[in-house]
């Protein structure tokens, strides 16, 4: 079986999730090429050496340029904070490597545009890790939409609710600084529901939105007395019109007490509806208008059967999978993309379109009223 | 429109529920005859006078014999504690009145038998108020069973869980004394799930059970120092085989912390399943084996539509009804029974069969192992 | 006990619900005055005569002016379509009667203003029937907010989802004509969630919204070939900022397949959250930040206990109530208002503020971007 | 870091789950010793060679005696059908190896007794893979029980419901043959809920049960014409009394249409309740009697936080884990047991007690009425 050497840049939360995906992939799926975990890269040598060992990488690098230069690395995986994506990705593309980049693609639309252009010129395979697309229940929703089983889609409503920074003493981590993170709840979790909407309903034509920062000063360090300004949004919400004629609502917040990770959406079509909630990610709620009148109701489909996307590779029906499996599925499709030379969706262009919506929401929230995403740039 | 005079014996919790049913019935259903609320009866004159006024009765009596003797009373409704059912019901039947009696029919099988015999001889209409049969969702379950949409029924599992006497200082009310109540959780709430099982699956051929009293002494009065012995079960459970070949489990308890009124059952057949919970009594969970493989799942049917039993008489779809509506539906069918001369199920004979199961469970719990209900007596 | 004569104008869906409330009120609550069901009014004599009989009114009128003029009518209840509210209400106020009016108060802000002014001048008691405020679970939410148990409120998100006009062959009923109904989903069901938000979070300072009509032509009559234009919205959504600093999202639609009557909201505060869904109106989901860390989670509170608002008057814990009970609670508080001379919330002024939000949403959806409700008029 | 060589006997469903656990364990937990995946064993050389490769084993054997004899194997893991457990386990113990065995320990009580005795004599560490004990939500339930937060436990009710053999054309696999599987639903899935009950409530003192086979003949092979007799139960149910005074109900079936893998239990104590369902294994429902009266309700605890057992090693709160993680947790505790020389519960003796309950249920179902498990043998 063919192999492709992977070089991973970054080794924290996302580094652990991606590493797990490469390790697990060939154990549950037939893939060709199979990923070889060639090297992991981080600037702190002690940290990256330990990560290499714990996460199962053959070697490590402390300079991403070295990593990219290695002959045994054919795929570069970028999981660093958003402000560094552009530089690393452009270098990897320049070197003719395939690239998978964490979301959001970049912190600004201009950066994203540059990356799309570079990706086109390189001719290699590129993708962005919007992993929730590959939850089996989300794939089932997509199948129902594509097969017309929900009819004409009229409504999208999505929320991504978390509560991990509600305590005003929670420190000013990098995710709360605009220069590093680009935006707050909007770009971090709002990006996921934008991507899901574009996956399931297609393009967004215009938006109107708002953003809010509830806690404006935070300690620089946990328990510390010195504080700094929070420069990103704690919460964001927007209305949207889709190119298809559907209408949508979106909300992302880190201040929804009790909602640990509620990435939830509902789609209403002329023939049926679906509803998803990541906290119960093995389930999809499905309704059909044409069911017999006396037994109509939302079905709680346990999406773990052999007839469901990806699920058959794991365990028997009713034996659920978890969060990290969505990354395994992402890597599975990436391997197929590398084999066939076709970038798996969402590719950089798809991610640019997500970025354009983020950008439009920010412009709208800044006083712009209804605002059109700038897709034209690419 | 024809009318029938009703005489109600008893005016506490069940008296309120039955009175409400008579008042509401002609407002929402076309009934012929319509009930006329002729008189309510209780031994305490001040209490019954006030009840008559509050609950909407034209007059009151303090002696049930006087009530039964009245020419303007054609239907006698008995909602007193179980130890008094036999005497009142026999007098009413003797006088040629129609009778509706609260459940359980009697405190012993011997009493129940006498009442069945008397009812047969009187030739009037008789019924027992197992009101949960007439929740729309339960009727929908019955429809699915009868139409074969669940296939051959294999399993019944039911619990009736409450928690209102968990506090060991809760006083020794009449429901906790065997001489008045007959039994505890078994006869009070277990009787409901037995009746539902017989309604939905037919006769029970044998049972094996257990009973338990967790708190054996209680204050005679709330806050009092003097205590007395609890002579009924706090909890009861039994296994059953149905005449049809199905198997069943039953449990009734007043010690399930947090379960206020969980009268819940599930039926599994070869073609589908249903599940019901009284705390969400407007819903029925429904599963079909023949649904498309990728979208199989329990449907949460909101049983409030015009296509559902009784529901169309109330409000538009999605506007739920409550506990007391089950009594209105019971009275509706009783009026039709009086018109046609056919006792609506569950009639005294059906209730006797329920009583026979209660009796068999008690005998089994007393050391008898698998035990057959004595249906032969009637 | 004192009585007050009620005159009801209108006898369809809302007429049935209000009539039921007057009938049931004195059976379950001690009220002073008690409502006497003096007369019901409608233009079609045969129809109103039958309604009087079925719904329990002592007499009927065919001209609302005659009804208002009656000495035995002290309270006028208006449940006709929105375009007639102003005329009837002004006449009743002019005659010195107390008034309860169905929501929305009027079809335009100008009409609503006129009604507020007239109400102030009349000095009688006035209220608007936003009945969902008086579901016990909603009252419990209010109690938690008012007692500070949810902390500082940051988020409101509400949807009112129905699906009854999804079929494009559903006819062009009065609710789909702007001249009669004022607006579509926005005014009919969106008004409810606006009122609930103002009840629970206080005033809305600005909104930005959109409206959409998916099916633009419908048969004039069921099954007919001739069609007419739908002149109201099928769906509406808007973002809001509250005067308190909280942010909110609202959506109302009649095109959410499978959602029969999902009037649902969630509130997130710094100390906790609540969530409500009318389809399970006896329940409130409640979360507290200060619960022990290992057992934090949304509690499903069965709001049917003696410790809950209104609930103790009905049945024991776990025995649920239904849709129509919210009207009984409304009339209970109205009787108290009449006794004390204080209009129960929401009075006309509150309803005007709801109307001002509807108006602002319509103006915004017409191209206005962020728009402030015009509260200043009253 | 120290290592221990593992030898796995068997490579089908459970072989995949155990292999995954050994691979994943050191990636997410600090363990000492760490498992080295030395060899996998199966009789079919082609099959086991491929399994070794796919599942990540260093080598393979085709004779379990060879595997046991290897110096580099310190821990023998037995995942073969139940009828072979005794022989392999005895050989491993004889050779002084640590042993983990799949459940149920044996097909008969006599075999189980022999294995307990041998384990005692060997002095090595032994355990049985009742993996569901180590779902974080189950561990949380255990913690609440042990800390007295549920008070005195009164009730246990558990069901394990599946539906995978409902089709009468499903073939006569080994799990349906008594000589290979020992029993059907009872031993396969009923054993899990017995083990959970003993984990959470302690010993069972007596049982009364029933067993049923709904489909008595099945095709020998899928689609084949030749049929054979099903010699195990399709469903089993029993009542139990615990040594503590609590009472319990148990049901296991493979004929519950729509229930893919519903391993669910509820515990009611004097101070609270918990409820668990494997299909939503990241959640625990928790109720406390002492919560404020107006906000009592079952809490849906998302058991994925750092304060929850095992969960902190995986992902941030709200990012769920899956079925296979329970095996990783099992192996984690086994490694600690090997280090300390103390067999982690459930050890062979615990599993014997589970077997004794299975045996008592079978004897009871065969006509024995209330039956006491024979714990005395060990």
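Chains here go by letter, A, B, C and D, matching the order in which they are written, and residues are numbered from 1 within each.
Following the convention adopted for this analysis, a contact is a pair of C-beta atoms (placed from the backbone, for glycine too) under 8 Å apart; a residue touches a chain by one contact, two chains touch by 3 or more.
Predicted, not measured: the structure shown is a model, and the values here were computed from it.
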item	value
Comparison of B-D and C-D (more C-beta pairs in contact)	B-D
Chain of greatest Cα-centre distance to chain D	C
Rounded Å distance between chain B and chain C, as computed from the means of their C-alpha atoms	36
Distance between chain centroids, defined by C-alpha means - chain B, chain D (Å)	41
Gap in Å, rounded to a whole number, between the CA centres of chain D and chain C	54
Chain C, residues touching no fewer than two other chains	259, 296-298, 302, 305
Residues on chain C engaged by chain D in the complex (per definition of touch)	140, 143-144, 283, 286, 288, 291, 293-302, 305, 307-308
Of chain B, residues touching chain D in the complex	150, 154-155, 157, 159, 161, 163, 166, 208-210, 212, 214, 235, 237-239, 241, 247, 249, 251, 253, 255-259, 266, 268-273, 287, 289, 296-298, 369-370
Residue ranges of chain B in contact with chain C within the complex	13, 17, 19-20, 23-24, 26-27, 54-56, 162, 164, 259-262, 278-282, 302, 304-305, 314-325
